[in-house]
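Handing you this structure, nothing more for now.
First chain written, first letter: the chains are A, B, C and D, and each begins at residue 1.
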Amino acid sequence: MSEVIDFKIRWGMVIDLDKCTGCGACMVACQAENNLAPQVDASNKLRALNWLTVYRLSNGKSFPDHEVAYLPRPCMQCGKPSCVSVCPVVATDKREEGGIVSQIPPRCIGCRYCMASCPYHARYFNWYDPKWPGDLDRTLTPDVSTRPRGVVEKCSFCHHRWMHAKDAAILKGEDPMDLPDGAYITACTEACPNGAITFGDLNNPKHKVYELRQSPHAFRLLERLGTEPQVYYLSKREWVRRQGDNYLEHEATGDNKKV
Amino acid sequence: MEERNHTSAPETAKKCCCCGWGAFLVGLVVALILGWAVLPALMQKELKQPVAFNHVLHVDEQGMDCRQCHFAGPDGQFSGVPTTASCAECHSEAIGNTPEEIRFVQDYVQTGREIRSEWLVYLKQPDNVFFSHSVHSVERCSTCHTEYAENPGALCKVCHIDMSKVTTPPVYSENRLSGYPKGTMLMWDCERCHANPNHLSPATNANNACFVCHK
Amino acid sequence: MNRRGFLKFAAGGTVGLVASPIIWNTLYDAVYWSQNWGWIPRVPRGDSTYMRTISKLCPSGTGIRVRLVDGQPVRALSDPDNPLSRGALTALAAAETQLMVSPARLKEPLRRTPDGALVAISWEEAEKLLREKLAEAGGSTACISGDPTSTVNELLSSLVESRGSADFYFMPDDEQAALAAWSAMGGMGRLGYDVDNSDFILAIGANMLESWGTVARNRRNFSAGRPAGQEARVKFAYAGPVQNNTAAGADWWLPCRDGMEMELALGIAHLLIKAGHAVPSAGLDDFKALAGEYTPEKVAALTGVDAGRLAEVAKALAGAEKPLVLVGSALGAGGGAGAVMAGIAVNMLLGRVGAEGGLVNLPFPTPVVTGASDYRTVVNRNLIAWSQSVASGETEAPRVLLIYDANPLYSLPSDSGMEEVFTRSGFKVAMASFLSESCARCDLVLPAAMGLERFDDCYTPYGSGEVSWCISHPLVKPFYNSRPMGEVLISLAKELGVETGVKDMPGLLYKKAYSLGANFRKMVESGAVFQKKASGAFSVPVYNTDAIRTALTLKKEAAPLSLAPVVVLGMGTAQTGIPPFATKIITEYQLAGHSSVAQMNAATADKLGVRKGARVTVGNGKVKVPALVDIFEGVLPDAVALSAGLGHTAFDEFSRNKGSNIMTLTSITREPGTGLPVWSSAGVSVDKA
Amino acid sequence: MDYSKPVDAALFPEGCQRCSLTRFMAWMGILGVILLWGLYAAVRVLGFGLGETGMDDYFGFGLWITFDLAVIALGAGAFFTGLLRYILNIDELKNIVNLAAVIGFLCYTGAMLILVLDIGQPIRCWFGYWYPNVHSMLTEVIFCITCYCIVLIIEYVPLILENRQLARSRFISALAHNFHLLMPLFAGIGAFLSTFHQGSLGGMYGVLFGRPYLYREGFFIWPWTFFLFILSAISAGPMFTVLVCTIMEKMSGRRLVTWEVKQLMGKIGGTMLLVYTVFKLADTWFWAVDLLPREGLTFDQMFYGWIYGKWLMWTELLCIILPVIFLLKKSTRENPKIFYTMLTLTCISITLNRYLLTVQALAIPVMPFDAWRTYAPNWAEWGACALVMAYAAMVLSLSYRYLPMFPQEARLNENK
């Protein structure tokens, strides 16, 4: 339905899966940055509100040949998002330079059609009103509004940080639409102690992600579905790359790659 | 609506019996009065500012510049309302003898109570709105609109009420249900510029995408 | 009014209402209301400021940049300018500001009433009570500190020891074993690891990305050595019973039985010697003889590590320019010195002692508080020996027991004697920020200001490769009614007539800075960090083969299964409990509902006759804990992996009612020779529930 | 006053007998209890949030959406029978078209009720009209369903006006008459709207290109599910109407519609089902051998264990193939037992189809490292569905008791 729009700026991530070890710092930073309420019992992962989830990958082999990898999954900010065209009330959209798929909870009616459409499970629903027990609401940040029950939310690539970076550029008299590498990074990128996440403009040769995404080890999740994600992954391990998409037995990774 | 019918029925009963469509008309008029004036007024709650700040006194008589109190902070954040501390720069003790000033000095300056957190902002935007004054600055608007260069205050007045000629702050009115002050700008107010294709030029880049204004 | 007239009136009314704005505006207002519900908190408005400091909750003092909005700390961000953590943030440090206001935070001084409840009292009462009790107790005072990097320890030490007691202890950690081993091998100072400059790290048992040493710094080194999308400059190998987060990042995982670290190191030594890597030093021949016995086949049988993979790692280790072998314990405490000695010997074979990127000798800090014991003395003290001796009645229980920032009831094995220490001690005082299990058992609980609210410091955490010193300073006033413990202790000492030589915490830190040659003022103002390279001069280490041989005689009880603990720093420490946001990072393979998850490989599960999702109990003969089976091939055969950091009974709703504490499954043995308490190798059995 | 008749006999349709008011009230009481239980569920959901249901982030759609789709498909008898009766002038259908309209009305209003519960922010339900996204299939559904719901009200109102007492008023009787004259127009509008939203409901799934179980492209025309939904609805709709009619006959003990009319409905439904079956099989085949492999997936990967096993799909297909055969063959169709069984099987298949598209489709892990998850509706979801069914049964009972729904009833029961 909606086709890929060409943006001059395309914010994106390249996540090196050989560097991620699943410590969870990104998830903590994301929750704190984006005012996600803590959950007393988050053992039901299908009801745990996380914009960023770290999955554990296995090479499927038995001990001792078993290998493990961790895959952080933010919103893919798809070039051709399956969620945007389905929203009946334009609560989610992709039309701003930068290509970030916006989600505006105050507009959302909570029909969850977008959740059904997203194969990445990047969208989360507020099953109950959020609660900050005790004085925990004192650590809310001013950057993201709190959400009531009954609306969908998702990773925004910390869009507010982009707004602040643009503001800072304007105050310095620089071009807000040509930010230097690193002027705008997401909270998870900043928090990752292993430097597994690189963030930047995928279209800008001056940004590191531009080069990284062209690595022969780069891949995106479920590319065959044609979603054109703006999140890339890197791994030197073939088995990890193979987990990035569905392959028939005879197919090799890279066969169906669309660049 | 039910209630209204019961209460107003007796007085209108006589008229409508004799003049056919008169009942319809009476109903219409009553509803219009209710719907345009009475009920909207009931929806509003009026609040008084914590201090009857006199802008005229400060601006005209003392010759203060608006920017002495209302300026953009280092990160583009607007300081908006001054802090008690900045008021105390002059009012560490009462300068004049107006009761309001004396009260302010006693209640705020001497106790350290923060006036900024109590002042009712006429144009208060809800949490889900992102607004940066540094983007909507005189400099940037002046790339096309020449009128603001000489009269920067005019740009402020595009959104804000003009307080410079006000001796006592106007009444602050807030919707009981939504909690929005009367002055809260709604989307279409912002869209006067944001949905205007002329503003898509590189100078402003004010497109109308959701995340440009929402957080 | 007749019916027809009424109907007309109603029709007119309807038309009128539809034609007036009230309905439509109310429709909107209702929607605005739903966007700003009063029972959902609003976000703050105000200026953001950023201050640099360190996370005192993170055991290695990770550097953080705190964002304050309108003066309220809201975020702990990474600090790229901190020369130690260099922009790395741990999942625990990231939660620092949330922990400050978490429900588990202690708000008031609490005192136990005769009926057993803890009730709030004023600080004046609390301080008076503590003063009186201490005065009464005299020399019969003991203290346990859980923060070995803080100079506040010197105050505690002075307070306890100047009055005739020698019972000031640190909670056990890896440094005790390291110090014993380092001394045995001829080292003079503290054992340091120059992780920053190494290009090949073999971590034996040391969960270096989560719980061993300077975690954030280790992670930054890991990151820097493996630039995204490029060839790795630094290689990592990890030996441990379970494919934990450190193993996930490592190039090689050597699945090694817990408690067999020494044998593994000897196996590596065997291969290195065979390949001609044997830098001479005193006692080499004897060591060669010992290592000669540890053929890959024997090591494979003992440790479970495949001979081929062992050889591969040994080859890579020998081929590296600046290799480094680290030895640690899975739980960050309770490991033996023997394994560390064997590790040091491997480093010696490679000539890595005193070399760049190798083992370094770090000086001990000089005490700045009058009457305080020096660091070495305190580290060498054996808390478990004392607590077990109290438990057995050999030693009299103290009349006053001070617990500073520690949670011994939770984090020590059940046979540590700590339970008896708590039962028998006269008056127990906890100084902590959170209501831990140990606090809940004390007679007086003093709410401590947290790192962002107090002056404190972090001196060269174990695992560093150089001397470092960071300070924390108050960014905000203490929340609630908490107070900086340093100040409380200084005034307490003064009133008790104990000469400390300092008058407040800034004064103490200033003195410390002076002794180190650091600029205290600059550190407070700009968040600067003091660093000093280790001096190379110390005596040549020796291959103390006898000590290794003695340690090898440690009897390992035969159990059907071994326990493989999994430690994740993000789940908090014994002192913090589970931080609010961490419930979401706890995975389904760590916790299922309220039950711990026991991970094992399919072969083990088959042997036990259990399947994924089965309810089982994991027991050690005395204690049984319930668990849910999960199949994970990254666990050694005949081992059960259980997550540490669960099973809290105190703290808040984020910590309570979640799984079981694996420490209850561990038990203590004494290492022959060093006499160190060892509890890393716990034998367990799994039964269907 | 005739004491041999129930107290409310004056309200009964001309020449029709009804049970005693006490008995009727007892029946309504039973329904009322179910209704209250459902209301309690609804209040909890509205008051605390959708966390009260068994849904989660993987199953954002669950029983309620399945229920909505199923009743909308089964309620399609209204528009299709109306179309045949008023536009194509199949006169015999006048004997059942009233019932079809009432069922349609109940199905659609019931579905809307569930939808209000199902959306997280019911206060904002009007956003669908005020801020529509024209690209969304759901927007099309929202508009068409609302419009069609209004049409169904318009179709239901004249039936109410035909109540014996109301019809006494000349004005009302004239109004009812005028409504009747306009009925072909409304039938036409209804058919148009229904075709579109039934199609859009299918399209809603067909466009989800992130969901391999649902996405359809290429072949004949996009999106494939659009037409499958229309076809399945117009085949199951008339059959469901006949089934409801038969249940009403069993419960009231009176004949309401002639066997011939039922047979006609069955024949029409069966014919439509044949078309549906052909397309459905073609669709499934194309999906399994062409679309799935192109996405790197296999047919086997779409199924899991018992709960999401292949048996579901085989049952779905079998339950349309058998009715096609037995309903189109005259001899078997005329056997009442076989006839009703086949109608039931068709309704089961269509409901199952909606379930598979809603729940199974979401259960399938698309990311290779993701796992199968299972979903079971909880009491609150069942309760809300029960609420709608109780409401429908109540309105249908009232309609039957007081409105002349069945023109043949008086004649068929003359001997009683």
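Note that in this section a contact is a pair of C-beta atoms (placed from the backbone, for glycine too) under 8 Å apart; a residue touches a chain by one contact, two chains touch by 3 or more.
What you see is a predicted model; the values in this text were computed from it and never measured.
C-beta contact counts were set side by side for B-C and A-C; A-C has more.
Central chain (C-alpha centroid nearest the global protein C-alpha centroid): A.
Mean C-alpha position of chain B lies 51 Å from that of chain D.
Annotation: 31 Å between the Cα-based centres of chain A and chain C.
Chain A and chain B have Cα centroids lying 37 Å from one another. Among all residues of chain A, those that touch two or more other chains are 56, 58, 90, 105-107, 129, 143-146, 148.
Multi-chain contact residues of chain C, defined as those touching 2 or more other chains: 30, 33-35, 42-43, 48. Multi-chain contact residues of chain B (touching two or more other chains): 75, 126-128.
Contacts between chains, counted with the stated touch criterion, involve the pairs A-B, A-C, A-D, B-C, C-D.
Of all the residues in chain C, the ones that touch chain D in their complex are 27, 30-31, 33-34.
For chain B in complex with chain C, the residues that touch the partner chain are 1, 4-5, 9-10, 12-14, 16-17, 20-21, 23-32, 34-36, 39-40, 43, 73, 75, 77, 79, 126-128, 175, 177-180. Listing the residues of chain A that touch chain C in their complex gives 14, 16, 18-25, 27-29, 31-33, 35-36, 38-43, 45, 48-50, 54, 56, 58, 61-64, 66-70, 105-106, 129-130, 132-148, 190-196, 198, 208, 211-212, 215, 217-218, 234. Put simply, chain C touches chain A in their complex at residues 34-35, 37, 39-46, 48, 67, 69, 72-78, 85, 88-91, 94-95, 97-98, 100-103, 105, 209-210, 216, 219-220, 222-224, 226-229, 243, 245-249, 253, 255, 306, 309, 479, 568-570, 579-589, 591-594, 601-603, 632-637, 652-654, 658. Residue ranges of chain D in contact with chain C, taken from their complex: 121, 123-124, 126-127.
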